[in-house]
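Think of it as A, B, C and D in the order they're written, each chain with its own count starting at 1.
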Amino acid sequence: MSVEFCGLALRHPVINGSGTFDAIAARRAFGEDLAASFPFSAYVSKTITLQPRDGNPPPRLWEASGGLINSIGLPNKGLEVYLREDLPQLADLLGLAADGAAPGAVPLITNVMGASAEQIAELLGACDARPEIAAIELNVSCPNVKTGLDIGADPRQLAEVLRAVRGRTSKPLIVKLTPNTADVGACALAAQEAGADAVSLINTLRATALSPDGRSRPRRPWLGGGTGGLSGPAIRAVALAQVEAVAARVAIPVVGMGGVQNARHAQDLIDVGATLVAVGTETFRDPGVGARIAHELQEIMVGR
Amino acid sequence: MSVEFCGLALRHPVINGSGTFDAIAARRAFGEDLAASFPFSAYVSKTITLQPRDGNPPPRLWEASGGLINSIGLPNKGLEVYLREDLPQLADLLGLAADGAAPGAVPLITNVMGASAEQIAELLGACDARPEIAAIELNVSCPNVKTGLDIGADPRQLAEVLRAVRGRTSKPLIVKLTPNTADVGACALAAQEAGADAVSLINTLRATALSPDGRSRPRRPWLGGGTGGLSGPAIRAVALAQVEAVAARVAIPVVGMGGVQNARHAQDLIDVGATLVAVGTETFRDPGVGARIAHELQEIMVGR
Amino acid sequence: MSEAPFARRALTVTGMDELGAYRLLRVADPDGPEPQAGQFAMLAAAERWGGGEEERPYLPRAFSIARRSDGESQFLLEDVGPGSRRLCELQAGDRLWTLGPLGRGFVAPSAGRRAVLVGGGVGIAPLAILQDALAAAGAEAAETTVLLGFRDAARAEGAALLAGARVATDDGSAGHHGLVTDLLEAEIRRDPDVVVYACGPAGMLEGVRALCERADTPAQLALEAHMACGFGACFGCVVPRRGGGYLRVCVDGPVIDAGALERVDEHAGAPA
Amino acid sequence: MSEAPFARRALTVTGMDELGAYRLLRVADPDGPEPQAGQFAMLAAAERWGGGEEERPYLPRAFSIARRSDGESQFLLEDVGPGSRRLCELQAGDRLWTLGPLGRGFVAPSAGRRAVLVGGGVGIAPLAILQDALAAAGAEAAETTVLLGFRDAARAEGAALLAGARVATDDGSAGHHGLVTDLLEAEIRRDPDVVVYACGPAGMLEGVRALCERADTPAQLALEAHMACGFGACFGCVVPRRGGGYLRVCVDGPVIDAGALERVDEHAGAPA
């Protein structure tokens, strides 16, 4: 079941979706149980930005048909504090040696986002310097400050940004594509040509909900951030189509995610070409689900 | 509850989604019950193309989490047969006079699609000549023969096509936008500027599913058409966000749809700016749902 | 063809009987139209439809009307997935969303021709109401041949739904050891002047179709297909038509003249 | 703070009692960690979670551990939506997915200070286990004041969960006619040397917070928030922190020092 991914030897193909598992908080909640049986074969951090962000005002969650809308707004402590405070804690939890060597450890993938090529370059450069970080995932679902559209929504713009920043790190670079685009395959191809070592998808679909008190007029958006992103079972069939479209276009490895709840869903993504599968929202329902999926996946593989 | 829409006086704001109600087949199944209590305030035809189409090989349906994936492939008899055979039957069923005058009748909106500006121009011209047709809905979710992307996915290309064809009809022109785009608001604005009288959305989200027999390898796509489109509750929150984004950008009326199952869902779309609401997949579960929603909507309106 | 009221109706379950591996669902529908043999209804439990794995079932499911008497409709169910499983759980008093009767049923045999009813598995359902209709139209029981195939003896108990059935099982645990088409072949050889009425898994129907084509025997096949609507709205339930194009099983069928088909599509049959 | 096993566990319901307008759910958890007063668990019925209107509930729901004795955990439920409704339907023998105990609970009063427990509606739940813990730590019943507010007399029956409670109701149908904060105000005026432990609807908590701020009385508020995970993963359950930024109710709380809050957010309270 071990998988090679961008030069990393992973124990199994199941990792977490960025922003859906806070290993440091989880250690507070679950104690050493967590380190003893860490469910993911690599750990992806929440998106880190240059400056600290508070995130959106509450409410941040809405339960939709077959899924969850979140309007979290990428709260994080900012690059500097992440590197100074979180990295040592993560290294300890994941079993990483000081030089990043990790026999038997869980490699750390740091997810970053910037609103411009300059910001992204700075983020990549800073991560490159840290041995604890095994790979970098670049979230390009961030709205471009100029156009308001996701930086990753247009293949040409995406390639341009990536070419400008690629040289800043020699670590594996995973580009997390935006699903809110006309042609995700073209975006993936552009990422590959501009030097991405892997692509990951799908991020959440733009979605919204109105406040449930239906009598008052005008009704307000429920979420503090106005709109949010849909995840969970509702997006699974869309994710499968996008992962299939991307895997058919690129030669680099693909990390598939979106609504995975069990090993069959993970298998679907692998069958259309994903190398790794990430679990997000289902982890909220059961933090142990990643390990269970990895285990069941092995049984399916052996059974075939 | 009566609504003015592009110069048409409609009894209430609930219509059907194109391709989700075949009034002629329904009359065979339900007899005069149907004409006596037609549930929609206007009737939208299935998409008509210049040439007849058989549609995709079966299977064409897949039940997904909270929704339905269809890979129907736009089967239709082609423009000529539609005008010759279907129009008179529809006029009779909907109570339209020979000159299209329709006191107490249900106006007919014909949905058309073409793979090029030339094809679309021909479709619009032919419909323009027929008094039974009250308005034309143009489906731009059709893959462009050159790029493979939906014709309506790029605002510039969409405006170009619309400008080239707009002059071919003086009937109200509704542009049915594709949801598989980075910026549906920009597409709607482009449609308005190029002369659309209204826009409608959302069409189905690109989605897929694999054959359920998990043991065989490699597993095939389940749907005869390879991929399909997701509709129903799963897409409701995405539809609400897209309709909100579009209504905020355009001054022309908006027809909102996507996952509507009851009056509260319809009210959500109206509250974010839709003038009419269309019901699609839920009609499959209950053909009478349109009338029920219209009725309950009235109660909500009065209650406010 | 009987027309359906234009909206689904909430009917009340009057009982659920066991019939070997199958269940017989009985529903009170005193005001509903009298169905034609071969018509079907779209069914969904009013409570707890959905909420299982993958939130399925979501759409209603198509079931042949197996019998109709004294304002009660009967359906023969086999548990093959989330929808049929939920329906099998229904108990007297539960409510059932019902749309129907829908589709085109069987056409009576032309004068001078005997009916041969050929069923496979749960596909025997529409043959029961057909047998009732033939009897009501004056056919002597002796005139109608009933040949039913099942996978095993537990399923073969379903044969009790019809009168005077001859049975075949795949595993030989009841009746003829082999396919029901073996029985049909012998029957047609004995008397070719019949009309064949068949319903069952795709492979069986294709066997019946090919056999009848060779023997030049008219056959009416009750097909199945995954359906979303049941009334012609979705174009989801198609089977290939002889000469090109597709037929919608729900409005052009479910009973389709064998001559209209080139072959029976792999997706067009009942569970075996 | 007690740590939770790292995966949800399927526990068995041992009983469901009525307590006026509320339900008391009892669950066998002999091997689970002993919770700290104020901690909570994420609960989801193992069967039929989802499948209702809008397919909700989908995520598990947070519930305070109201009492713990002899390997049994108790939860006080109010039916306010699809999730709590489904949990209220559970019966002995049903299985319940449980993740917990989670979060930071109440901190014992510093020496020389009396505890005043202030609860509103279903928010009285964590005060029951707190009262047990104070008693176990040697506090005399007479030392601990319990003030509980409810909407009406049916809800006020919930007060039986705690010993020696003084009750207020909005409609005057039981106890003091008015707000529980009226009682608290009088209590603090009588003896300011207390620690206030409060849980209830946002408006009540804000009243308690403001009152204690004015009186310079330490207060620990057990907050609520819509939660997706309960263990710090989603960042969905935040409340504004005094001085800017947000706190996650599930890992920084649910018990939060009143001094850490500027005001209690409208989304941070229990049903009234």
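Simple rule for what comes next: a residue touches a chain if its C-beta (ideal position, glycine included) is under 8 Å from a C-beta of that chain, and two chains touch if they have at least 3 such contacts.
Since the structure is predicted, the reported quantities are computational estimates derived from the model, not experimental observations.
Undergrad: Where are there more C-beta contacts: B-C or B-D?
TA: It is B-C, judged by the count of C-beta pairs in contact.
Undergrad: Among all other chains, pick the one whose mean CA position is farthest from the mean CA position of chain C.
TA: So the farthest one, by centre of C-alpha atoms, is D.
Undergrad: In angstrom, rounded to a whole number, how far apart do the mean CA points of chain A and chain B lie?
TA: Result: the chain centres lie 35 Å from each other.
Undergrad: Once you find the CA centre of chain C and the CA centre of chain D, what distance in Å lies between them?
TA: From the centre of chain C to the centre of chain D is 56 Å.
Undergrad: CA centre of chain B versus CA centre of chain C: separation in Å?
TA: Between these chains, centre-to-centre, one finds 34 Å.
Undergrad: Suppose each chain is reduced to the average of its Cα coordinates; what separation in Å results between chain B and chain D?
TA: About 49 Å separates the centre of chain B from that of chain D.
Undergrad: Which chain A residues touch at least two other chains?
TA: 64-67, 233
Undergrad: For chain D, which residues are shared contacts with two or more other chains?
TA: 54-55
Undergrad: Report the topology of the inter-chain touch graph, choosing from line, ring, star, complete and other.
TA: complete
Undergrad: Which residues of chain A touch chain C in their complex?
TA: Interface residues on the chain A side: 66, 233.
Undergrad: Any idea which chain A residues touch chain D in the complex?
TA: Touch residues, chain A against chain D: 19-22, 24-26, 28-31, 33-34, 37, 46, 54-55, 57-61, 63-68, 70, 72, 75, 232, 281, 283-288, 291.
Undergrad: Over in the complex, which chain C residues touch chain D? Could you list them?
TA: 48-52, 55
Undergrad: Inside the complex, what are the residues of chain C that reach chain B?
TA: Residues of chain C touching chain B: 1, 3-8, 44, 54-60, 97, 99, 102-103, 225-240, 244-246, 248, 251, 265, 267-268.
Undergrad: Would you tell me which residues of chain A are touching chain B in their complex?
TA: 62, 64-67, 69, 149-150, 153-154, 178, 180-183, 205-210, 214-215, 217-219, 227, 230, 233-238, 240-242, 244, 259, 264, 267-268, 271-272, 300, 303-304
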